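Structures are listed in the sections that come next.
You will see subunit A twice below: alongside subunit B first, and alongside subunit C after that.
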Partner chain A sequence: MLKAAPWLTAGLFLGPIAAGLAGTLLPAFGWLPALGGTTLSLEPWRALLDAPGLGRAVLLTLGTGFAATILSFLLVIAFCAATQGSPLARRAQAALAPLLATPHAALAIGFAFLVAPSGWIARALSPWATGWDRPPDWATVNDPWGIALVAGLTLKEVPYLLLMAFAGLGQVRAAEGMRAAAALGYGPVTGWLKVVLPQLYPQLRLPLYAVLVFSLSVVDVALILGPGAPPTLSALVLRWFADRELTMWFPAAAGALLLLLVVLGAILLWRLGERVAAVLGRRWIAAGGRGGGGVVLGLAAPALMGLLLAANAAALIVLLVWSFAGPWRFPEALPAAFTLATWQAQVPAIAVPATATLAVALAATGLALLLTLACLEAEQRHGLRPGRRALLLIWLPLLLPQIAFLFGWQVALVRLDLDGTMGAVVWTHLLFVLPYVFLSLADPWRALDPRYARGAAALGAGPWRVFLTVKCRLLLRPLLVAAAVGFAVSVGLYLPTLFAGAGRIATLTTEAVTLAAGADRRILGAYAALQALMPLAAYALAVALPTWLHRDRRGMRPA
Partner chain B sequence: MSLVIEELEITLAERSLVAVSRLAVAPGEVVTVMGPSGSGKSTLLAWLSGALDPAFRARGRVTLDGKDVSALPPHRRRIGLLFQDDLLFPHLSVAGNLAFGLPASLRDRRAREARIAAALEEAELGGFGPRDPATLSGGQRARVALLRTLLAEPRALLLDEPFGKLDVALRGRMREFVFERVLRLGIPALMVTHDPADAEAAAGPVLHVAPATPDGG
Partner chain C sequence: MTLPRRPLLLAALAAPFASPGATGAQTPGHPLLSAPWDAVLAEARGRPVFFNAWGGDDRTNAFIAWAGGRLRALHGVDLRQVRLRDTAEAVARVVAEKAAGRTSGGSVDMIWINGPNFLAMKQQGLHFGPFVDRLPNARFIDRAGKPSTVVDFTVPVEGLAAPWRMAQVVFIADSTRVPDPPRSMEALVVWARANPGRTTHPNVRNFMGVTFLKQALCEVAPDPAALLRPVTEETLRPAADALWAWYDRLRPHLWRGGRQFPENGPAQRPLMLDGELDLYITFNPSEAAVAIANNQLPPTARPFVLDRGTIGNTSFVSIPFNAANAAAAMVTADFLLSAEAQAYGADPRVLGNPTVLDIAALPPAERARFAALPRNPAILQPEALGRPLQEPHPSWMTRITAEWESRYGR
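Take a look at the complex of A and B:
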């Protein structure tokens, strides 16, 4: 039975994606019998191409997506090159987990609260530095160029890429390489770029693609920070799907398919860039330049990273400040008074989506953990050797634009009479929660010394006893961290909740994004703060519980 | 009780790694298998304990007191296993580790605790039960690991380079500690090692194995 676990998992995973892609593809060519579309035609594409602002929306999508990905990548590379082996790197690592847990929407809202013309930064500098006694008439958020969107995405993607880079660095034996390069006279930064980066990059490739795809196709952050007329392609497509006029679904499906093509083209382009960079890089390495001491980068990169992490933290804090704010006139740096009034007034309204968020996140995370453990255990008991293809499969939902298969999946859910149910939302969340849970747990699980299990079996312990009392206990920390990651992912999901919930199941994320369109900052702050606090609490628990359980076990402390 | 291996051949991708036509280990006897790394010693132990990686193919059988155990899963063979590393479970106390080894058929909690206390006492580790294994010295940990294995009442014992990680001063005492118990319990033991001093101390038959292919690395 356990042997079937990988297949069951793949089915739960691929079924919705395949159904979803097909269910987007057919309406894109006019086929959707429920709406009277019973002939294949190119009419949806004609409508799509006639839509005002489409060209600009595509350019915006490409511009913001590539800008955010390249910026994040460069910053992470610069930071790693500048801090290899220094205690700064380790300190940054400790700060990452809570930042990673922050949902995109909450971070974007907090970021808007910081940089808006009437935001915290302007307040902190006014009137003494700027002379403003009223907010300037600037478009620092929702600017037509998508600069705020790029900044918000970079803020969120850098911690993720940095964590992936740290994980990759552990596998390429960077310190030894650096020592060898230094002995040959290479400066630290040049040595890192020439020796470590070429080994590290393959480990970063899939995470980078995921960041690129996400940046190109994100909806919630684009709604909160991005331009409105026209918005990015994904937001435009969502607007059509949400249109009262249901015939808009046809051009919307064509638009979703166009986004898929844009994303695939972007990945191909990135891949081409990799090739070019590899050729140029090899030439650069062969030329033998030793480089200097890397003093400038050594100062600039950590400073930039510090600024970025500080902005992350400030974005969370400002949410809380607003949610407790009494009267707060413009140039004042802080509210005139703090009050519980907002929370008291909002508790009845906020409790419903908060409960739904918690229930969906717990169910999706629990399922994802069960499936992941079943797959990993089946792998060990039956000596299965998952290959590269299995890895790509796990990454698949993260490498496709969500909107390209979620609409079709919703149509399929309607057919199954499941749309708008908790079960549908949990299943859809599973598509995104499972990859993160699996990727976060698989390495520590596979790395556990197999002799522990062999030794336990030799003492007479059966496979399930070994699983529960040896493996799960020894790996309690990574197990709980994986659960916290899954929980955080689920809490942050916007589109999957929107589509599978058919508008009937509201979570903190869907509510916060809706409120971001113009609600009182105090109320919006409360929703976004709670959305951000839930995953943080899960992380805190995941760290505290094993520490407390193993307080008398030195061998169980993290290395 | 005796351990007998017959007509064993383990292959990996059509390449023969281990071949033993017949090897018998008498009760209380320690047979030493010596050979350089890559000669398949550890593969032999993995097969005996029932934990051979599925990538390998094995023919042949192992009997304990005439009973074929080749088809049994690892946890039903009752073949004890001792590694170079003690592999005490870091999440359990010393007593917890020993209780893990003690058969569940001994039900009474007091009786279990008494067995564990007596075993510790006899190994000059009296009062160590509540200790965190991470706070023990290397020699103490090695002794706890052996006690854990023996408390499971194995019908045979496999030793995988059991003294390799101990410093020289400890090694002699630990050898004595292990071999004396094997003799006293009257169980057959198979030890793989590349230290000739181990073989000498075991005072049993020595089987030399060569790498399967001369240049096979």
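Take a look at the complex of A and C:
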């Protein structure tokens, strides 16, 4: 039975994606019998190309997607190069996990509360430094060029990429390489870029693609921080899918497919860029320049990273401040009074989406853990090593624009009479939760010394007993961290909830994004703060629980 | 995998939307339409109502939450708001369910609706009803005094949707900064030129944003009577040309240079509170009073209307033809029409919304609920509001939005 686990997982996983892609592809060429589309045609594409704002939306998508990815990548590389082997790197790592847990929407809302013309930064500096007694007429959020969107995405992508980079650095012999480079007279930064980066990059490739795809296709952050007329392509497509004229579904499907093409093109372009960079980089390495001490970068990169982490933290704090704020007029730096009124008034309303968020996240994470463990156990017991291709499959939902298959998947759910049910939402969340749970659990699971299991077996324990009392217990910490990651991913999902939930299942994320369009900042602050606190609580639990359980076992405490 | 509970044959799905006859009935013979009210109440008890309502206004959300509490206590109905970003989402969902052959057990029980969304559903036969006259409280609706409770955007409602709140365009100005507000859309251009960046309108895809344009259309259109008929190419051009000529003079002087707009009506409140805006449009005559009480507007905010009148309309709730919980939705619609709910909504500390009822027709005890409401200087009394202008036919709204999109949304 366990042998079937990988197949079951793949089916649960690939079925919706295949159905979803087909359900988007066919309407994109005019085939959707339910709406009278019974012939294949290029009409949807013609309608798409005629749509106002399409050209600008595509340019905006490409511009913001590449800008956010490149910016995040450069920051992470600069930071790693500047701090290789220093205690700063370890400290940054500890600060990352909670930031990683913050849902995109909450962070975007908090960021808007910071940088808006009437935001916290302007309030803190006014009127004494700026002379403003009214906010300036500046487009610092929702600007037509998408600068706020790029900044908001970078804020969230940098911690993720940095964590991936730290994990990757563990796989390469960075310290040895650096010693050798130093012995040959290379400056620390130049040495890192010439010796460590070429080894590190392959480890970062898939995470980078995921960041690129996410930045090109994100919807919730684009709705909160991005421009509106026109918005990015994904937001434009979502708008058409929600139009009361269902004939708009045809150009919308074509638009979703166009987004898929844009994303694939962008990945190809990135690969091309890798080749070019490799050629140039090899020449640069071969030229043998030793570089200086890297003092400027050594100061600037950690400073920038510190600023970014501070902005992350401030974005969360400002949400809480607003949710407890009484009257707060511009340009006062703090509310005139703090009050519980907002929370008291919102508790009945907020409890419904909060419960749904919790239920969906727990169910999706539980299922993902179960499937992951079954796959990993099957791998060890039956020697089913997944190849590189299987690993790529795991990444698939993260490498496709969500809207490109979620619409088709929703149509399939309607046919199965499952749309708007808890099951549908959990299943759809599983597509995104499973990859993260699998990726974060697989390495520690495979790295567990097999002699523990052999020892237990030699003492007469059956395979299930070994699994439960030895492996799960020894790996409790990574197990819980994987669960926390899955939980955080689920809490943050916007589009999958929107499409599978059919509006009947609303989570804190969908509610916060709806409210972000114009509700009272105190109420919005409460929703977004709770949305951010849930995954944080999960992380805290994941860290605290093993420590408490293992309080009398010195060997199982973290080093 | 389980098989779908109903056979969904592709051939059956391909059938074009049935267009109903000219009579109002869209679900003829539905048992609930002839059931005695007690039977409706009995069927409603213990059932949920998925109320699909635009969720962008937290005060309306709070009102719906209050109604949910009362409905649970009175009738055992579990009201759940599905907070929409745009009402069209709910219409699309019903259309999609009809296309997929789901003729019962639909996921939408009730929609807050009017204008183009109401018309689109009416044209496609997607409303349940006529049900309004089955509601006990419907006899108190002020049909004569508030004709928009029976004719929505020139389209006869025919009992397919129950009114629940009145709306009329009002402008809010911060009286310390705008002591003498502009009284026409033409005067607004002059004012905006003198006060650049201090007014705006919501995004035109939002009903409030396009209402701003319609308010101007009523003033600048060469033939205002044409607005009350479905738009044609002949009537559109002169009216739209006049509108865009006016708008092109105004737009450069709007907030953010007219390149960026608040997403909806309530999004303008914090902008005025922070001092970014001095003047904005709203649909609630009590907006200023309620928002001041909630620290959402400066205490100096005051409403004003235009000399030649402002557009007024009515918010309705309609029940889709395939609603899973139609009885509970009927009970909800009836509760929203009750003197209790109407007086609560009219309270300037809650919504401050003018009632859809004829207060004089109510029994004395119910009438007293309205008499007990506090007065507020930031509320325009009915005399000051003037008789509302009729909404143009919904097709105008659709065309104006599309033209705006292609002119300014590129």
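A few comments on the model shown:
Simple rule for what comes next: the second predicted complex is superposed on the first by the 558 of 559 C-alpha atoms of A that agree within 3 Å, B and C clash if a C-alpha of one lies under 4 Å from a C-alpha of the other, contacts with A are read in each partner's own complex, and residues count from 1 in each chain.
To be clear about the criterion, a contact is a pair of C-beta atoms (placed from the backbone, for glycine too) under 8 Å apart; a residue touches a chain by one contact, two chains touch by 3 or more.
Since this is a predicted model, take the numbers as computed values, not measurements.
In the superposition on chain A, A:456 makes contact with subunit B only, while subunit C stays out of contact range. Of the two partner chains placed by the overlay, only subunit B lies in contact with A:473; subunit C stays clear of it.
Shared-chain residue A:352: touches subunit C; no touch with subunit B.
When the shared chain is aligned, subunit C comes close enough to touch A:327, but subunit B does not. For subunit A, the partner with contacts to more residues, out of subunit B and subunit C, is C. When the shared chain is aligned, subunit C comes close enough to touch A:38, but subunit B does not.
With both structures placed on the common chain, the touch criterion links A:519 to subunit C but leaves subunit B unconnected. Contact residues on subunit A toward subunit B in their complex (touch as defined above): 382-383, 449, 451-452, 454-463, 465-466, 469-470, 473-474, 476, 550, 552-556. Looking at the complex, you find that subunit A touches subunit C at residues 33-36, 38, 52-53, 55-56, 117-118, 133-135, 137, 139, 142-144, 227-230, 239, 241-246, 326-327, 329-330, 345, 348-349, 352, 414-417, 419-420, 502-504, 506, 511, 513-515, 517-521, 523. Taken together, the subunit B residues at the contact with subunit A in this complex read 46, 49-51, 53-55, 73-81, 83, 85, 87, 89-91, 93, 100-101, 103, 132-135, 148-149, 152, 154, 158. Put simply, subunit C touches subunit A in their complex at residues 1-2, 4-6, 8, 10-11, 13-14, 16, 50, 52, 55-58, 61-62, 65, 69, 80, 82-86, 88-93, 95-97, 99-100, 102, 107-108, 116-117, 120, 197, 203, 205, 255-257, 259-271, 273-276, 294-296, 298, 405-406, 408-410.
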